[in-house]
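Each of the two complexes below includes subunit A, the first together with subunit B, the second together with subunit C.
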Partner chain A sequence: MTKSGIDRRQTLLMGAAIAMPAIIPSHGRAATEALKIGVLVPTTGVHASDGIRMLKAHQLAAKLINDAGGLKSLGGAKVELVVTDIQSKPEVSRAETERLISRERVSALTGAWASATTIPAAQIADRNRTPFMITSAVNDALTEQGMKYVFRTAVKAKWFGGYIADFLDYQKSKGISVGKIALATEDGPAGQAVRSNYTSVMPGRGFPILTDETFRTGTPDFSTIATKLRTSGADGILTCAYAEDSTVLLRALAAQNFRPLYVGFGGAHVNQTVLAAGKPSDRTFGVVEWSPDLNKPASLAFVKAFAEAHPGETPLSNQAQAFVATYALALAADAAKSTDRNAIRDALTTLKITDGPAAVLPAPVLSFDEQGQSPATCVIVQAIDGKFVTVWPEAVAVRPPAPVQG
Partner chain B sequence: MSTTIFLQALLSGLTNGAIYALVAVGLTLVFGVMRIVNFAHGEFLMLAMYGGYLAFTFLGIDPILAVFLVAPVLMLMGYLLFGGLIRPALKVPEINQMAVTLGLSLLLQYLALVVFKADNLLVTQERSTASIWLGPVLIQMPQAIAALASIILLGLFYVVLRKTDLGLIMRVVSQSRDGAALSGIDIGGTYRWAMAIGLGTLGIAGPLMVSALYVNPHVGQLFTLKAFVIVIVGGMGSFGGVLIGALLVGIAESIAASWLTASVAAAVPFALLILVMLLRPEGLVPAGGSR
Partner chain C sequence: MLRRFLPALVPTLLAILGFGFSLTDPYFMEIFIMVGLIGTVAVAWNLMAGFTGLVSLGHSLFFGIGAYTVAYGQVGFGLGPLATWPIAVLLAVASALFIGLLCFRYGLRGYFFSIATLAFSEVAFLLVSAALWLGRSDGMMLPSSSETLRYLQFDHKWPYGLIIVAFLALTLFLSQAFLTARPGYYWRALRDNEGAAEALGVPAMRYKLLVFALSAALTALGGAIFANTFAFVDPRSTLGVELSIQLLVFGIIGGLGLLWGPLLGAALLIPAGELLRTYLGSSFHGVNIVAYALLMIVLALVLPQGLGGVLSARLRRILPGKRDAAGEALVMETTS
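Let's turn to the complex of A and B:
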């Protein structure tokens, strides 16, 4: 019987092959070798529509960099995206992160949409000393636990109340006084996280909360809640609701001729459905992380490039974040003159983006503190004549806020 | 809780209850006559709501008038549904019947997702934000119209079941299918009419509800479970029960929401269901009693 399987010589060869990438230092690779960035996106599962959308923005960033001649300091090296589907599942996100690091040997990672899928990916990346650029997860702890290789372009969840207080202070400085607040939030995890943030921030900033109402998604009648909001004596209403509930609530408020300053939360408010409610939604505000009309050259260029690549589509805030995340990693590699993970990580800590194609987000500077957090900010948009328009902060606003009573 | 808030919650509860009754009455008719639990009831409501939206958006028909267009379409759907799916399902065990209507419910949701996408669609009119004030409290116009339609429909049902031959036949079939068959009553024909009328009521509910709310492919689910609770609390197959059950659920939910939190209020209809099942399993107004 002959020995089947592998002989000693083959074993040696295989061992050498496996050990080779570990022996040869990564900065010793050819200078024109591509910069491999692992992209973790859910293209199947419950978050598929968000994942597919974000992937377009990651790809657009890579295309623009490559079309412009690649990474100059690396001899025109191209950006190569290694895209993987995390199936909207935390465990898949974890496994795919490990695979991209050990098998695909990516220089850096970016992703992974929701906080639930980003947390395991970020932890694995940090443990394996691979830079991880968070696109859109807002969980506070991600940049508070001392992870050295984790960076974030997005805001922290706990900052939202602060942005609204800043905006109300700005309104006050313009003579539009809002003194007392009422809350109306949906009773799911998103609504309740926002609610606890508002209740902890607003009173300390001089905006007492007079009533704090919760409701269930799909409530067919909001007249009781509208009555409570109206009779509370509040002149500002902060909400967190899905778009369909917002329309019913706004109509209930209008039916009572109650038109206070109204600030909705995130993409669920800054939404075509809310505009379709007509007059009741006119002059309402929304707090979002980015808006396509943002008055910033790079932002407008991004919207234009996106529309050229995907005719008829206007990018959303998470796409702007994905675009910037990819760009920031490429700029860091360019600055480091290396595709080495540690070199990119060090370059990220000193990176300062104030202009150029990556300066898309509303904050004046994109940089990362020792916890990897960028000084990100939000914008306030207002529904004016059937369109959401950026009205705050002043630096990126298209126009000043319109009076609430239109 | 101030008096104003309490009165408003009470009035809202009554309005919601009337709207729930409008949705549940068709469900109880189908169950009362045919002993079929139609899990796709909410999806036919969703289709009727899209019908109201399309009639308003593309034909400019007011939702109140759209009722006269959408209700016959829904009746036809009921007629075809009976011949195509329910009739064959009557020959198989009840658990299989449930699987058939459950499958239909999911099929309709996904078909709607393909055709209409997941976006919420709205009917926006002048009266969308109109209201009727009753002292310190108010009722919004679209909700008031739907509630009024519900009361008229339930009255009409009462008359049809008590005073017409069709009503008599339906009552007979629901009491004893075999007895009715022996007396020469066409059971298949009666079932077909029950299904057509049962879904036809949704043709009234749909256009009126889309003008008060919105429509998306999953909107039916918001009402299916509540309609089941109402039908069981009221007594399965009982029309008087539907009204009592719906008002009870509507008011309990509304008062609980204004007094406690939304999450507690959401549990109230189901707590009520368990309570009724333990103390009065035949329902508050058992079917036999209302006939």
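Let's turn to the complex of A and C:
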């Protein structure tokens, strides 16, 4: 080692390293050209915490693929994520999509959290013939408008009611009968979207709705609503409420000694805050797109890898979707043996993932129909002894549903 | 005639140059479209704020009316821009007259007028965010159609850029026509001293309603073009308070007393925001937003009369002996 810290051998090595790209023939470099995937996530603005969380899952997928030797059919090409902050704004999402396509020349795109930021990005991607893998937006129209380059790992919003009806049918087959439904939903856009879905689906599936209560987020006293739900004669309650409201409602129901089958909606119910309510929340159900205890080897491996990369953190459903979205694009490029946008798009239409590290989501197969929609499904989890446990569908359940107390 | 319309002609020619340059890259065209569209709407907003002293914080309402009329017209009734754009303008004018009559009848001025307009736009934002038939907070996608011209759906961006150049030219020339005629002088008189202007016989109510209706009509047209250009509308982008604040910021940074001031503000700040996001956005979360905010603070401190104000002062110094010639017409300093 010389005084400057670099000896002659190191200098030679450095020189060789610098000269190497010029020596290697250009087609040799092209063979290991990285697969550039544009990642649209909100890392600032109102959805920043969700975006930062999802980014970790996108990065984990890229890391696992690269650590395993990259894309085999492309000579071990690495997956390179070109991450951009869409600031939780539709217009930024649109502009950044345009930039990633025309300036960064990405082969494919993924993102972009909420429906309002995903729709403009997907439209631009489709117009520019660039594959776009939607991670978590559930707006029905996204895969109903005939866009040829748009694909989705997530479910459609209008399918949620169907999942609940399927679950209630399953319960009936096990001798637990639920005949009549009561709804309690918050009055914001999310609550009302879920409400209109339930009201349009449930009666047609043989579950008449006896009462339909809407409440304001942050309502301090749910005793009146609890009384209405109890006296309606319903034996099943479907809700969509933020965690704090869910807790207060569950306490109000418990105070009246009314313990029907209770199904909360999404991450707002499947939440530590709701579990912290103790006995009132015990044995309640929640419908979510993925759960970390899902009985599937790839899912458990994903949770383990995530915990190793981010100690103390347990991934949420949208992170599983982000992980799968990145993986699916890489697998499509690998199958296409190309980083060309059209080749990846064509490979996505024939992709069929049933096992391997990308088989994380609860549906048995990850594939895409002619509209780009995957046959995604939800899972039902139940609060049992202080934690949420997957209880349906049977194929991925950790255990059967526990009887509802009361 | 040429001298009269010079403040409209020069920015239009510059916009045509900008359009030509943007043809080289779709990303540049995206930025050009945003600058042209929001900048032009800011010019329409400034007719009220800069020239009449009516600072509206609720102009997103009219933009949203334009955008949602186009979206709902196409999704619900299959109508194209030939039908939806005039309806959008009429709806916006009706809304402006209603709000204006209420505000001016009860003598709301200054901050009170601003807050009243903000309240109306916020109510619209909340209503649309909860309206199922308008797609709630998810927004509405305009269905794609093979009838390119009927629904203004092009595969490339440049036709939208061309439409925006036309919209910009229309707004600038129409505004300049008003500003250099009786209404323009009355508006400035009302801005400087409403009581004195009324005492001299200026019918305040009528002329304030006129500027409100004109500004709302042009803003709604901007919203309608936005919907056709991006084939997607949502409450946040089209009815949110952020859009109204953007108009205010572009006006202040560009120069409130100039016809083309807000356009200059948009032409400076929108590309600056894009550049900062491109080069700083991926380094630390939010650092580009901090840099953007610092840029605005510095500009506001260094150039209190706006960038356009400084430019116009420079022009006047360059052309000292020609105060009533071309230079004066271009400068058109109106801030007394």
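Observations on the model:
Following the convention adopted for this analysis, the second predicted complex is superposed on the first by the 376 of 406 C-alpha atoms of A that agree within 3 Å, B and C clash if a C-alpha of one lies under 4 Å from a C-alpha of the other, contacts with A are read in each partner's own complex, and residues count from 1 in each chain.
The criterion applied here is as follows: a residue touches a chain if its C-beta (ideal position, glycine included) is under 8 Å from a C-beta of that chain, and two chains touch if they have at least 3 such contacts.
All values derive from a computational prediction rather than experimental measurement.
In the three-chain model built by superposing on subunit A, subunit B fits alongside subunit C with no clash.
Applying the stated contact rule after C-alpha superposition, one finds that A:A243 touches subunit B and leaves subunit C untouched. Of the two partner chains placed around the shared chain by superposition, subunit B is the only one that A:F215 touches, whereas subunit C remains out of contact. Judged by the touch definition given at the top, the superposed model places A:E98 against subunit C, while subunit B stays out of reach.
In the superposition on chain A, contact of A:Q256 is made with subunit B only, not with subunit C. In the superposition on chain A, contact of A:T110 is made with neither subunit B nor subunit C.
In the superposition on chain A, contact of A:P280 is made with subunit B only, not with subunit C.
Annotation for subunit A, partner touching more residues between subunit B and subunit C: C. Of the two partner chains, neither subunit B nor subunit C is touched by A:T339. Superposed on chain A, the gap between subunit B and subunit C at their nearest CA atoms measures out to 10 angstrom in whole units.
Across the superposed pair, subunit B and subunit C both touch subunit A at residues 187. Subunit A contributes residues 186-187, 214-216, 218-221, 223-225, 227-228, 231, 243-244, 247-248, 251-252, 254-256, 272-273, 276-280 to its touches with subunit B in the complex.
Across the interface of their complex, subunit C is touched by residues 43-44, 48, 52, 83-85, 87, 89-92, 94-96, 98-99, 101-103, 114-116, 119-120, 123, 127-128, 139, 141, 145-147, 187-189, 192-193, 196 of subunit A. Contact residues on subunit B toward subunit A in their complex (touch as defined above): 2, 4-5, 8-9, 11-12, 15-16, 19, 119-122, 124, 128-131, 137-141, 143, 209, 212-214, 216, 219, 222, 254, 257-258, 261-263, 265-266.
Residues 25-27, 30-31, 34, 129-130, 132, 136-139, 141, 143-144, 155, 230-232, 234, 236-237, 242, 274, 277-278, 281-282, 285-286, 288-289 of subunit C are the ones touching subunit A in the complex.
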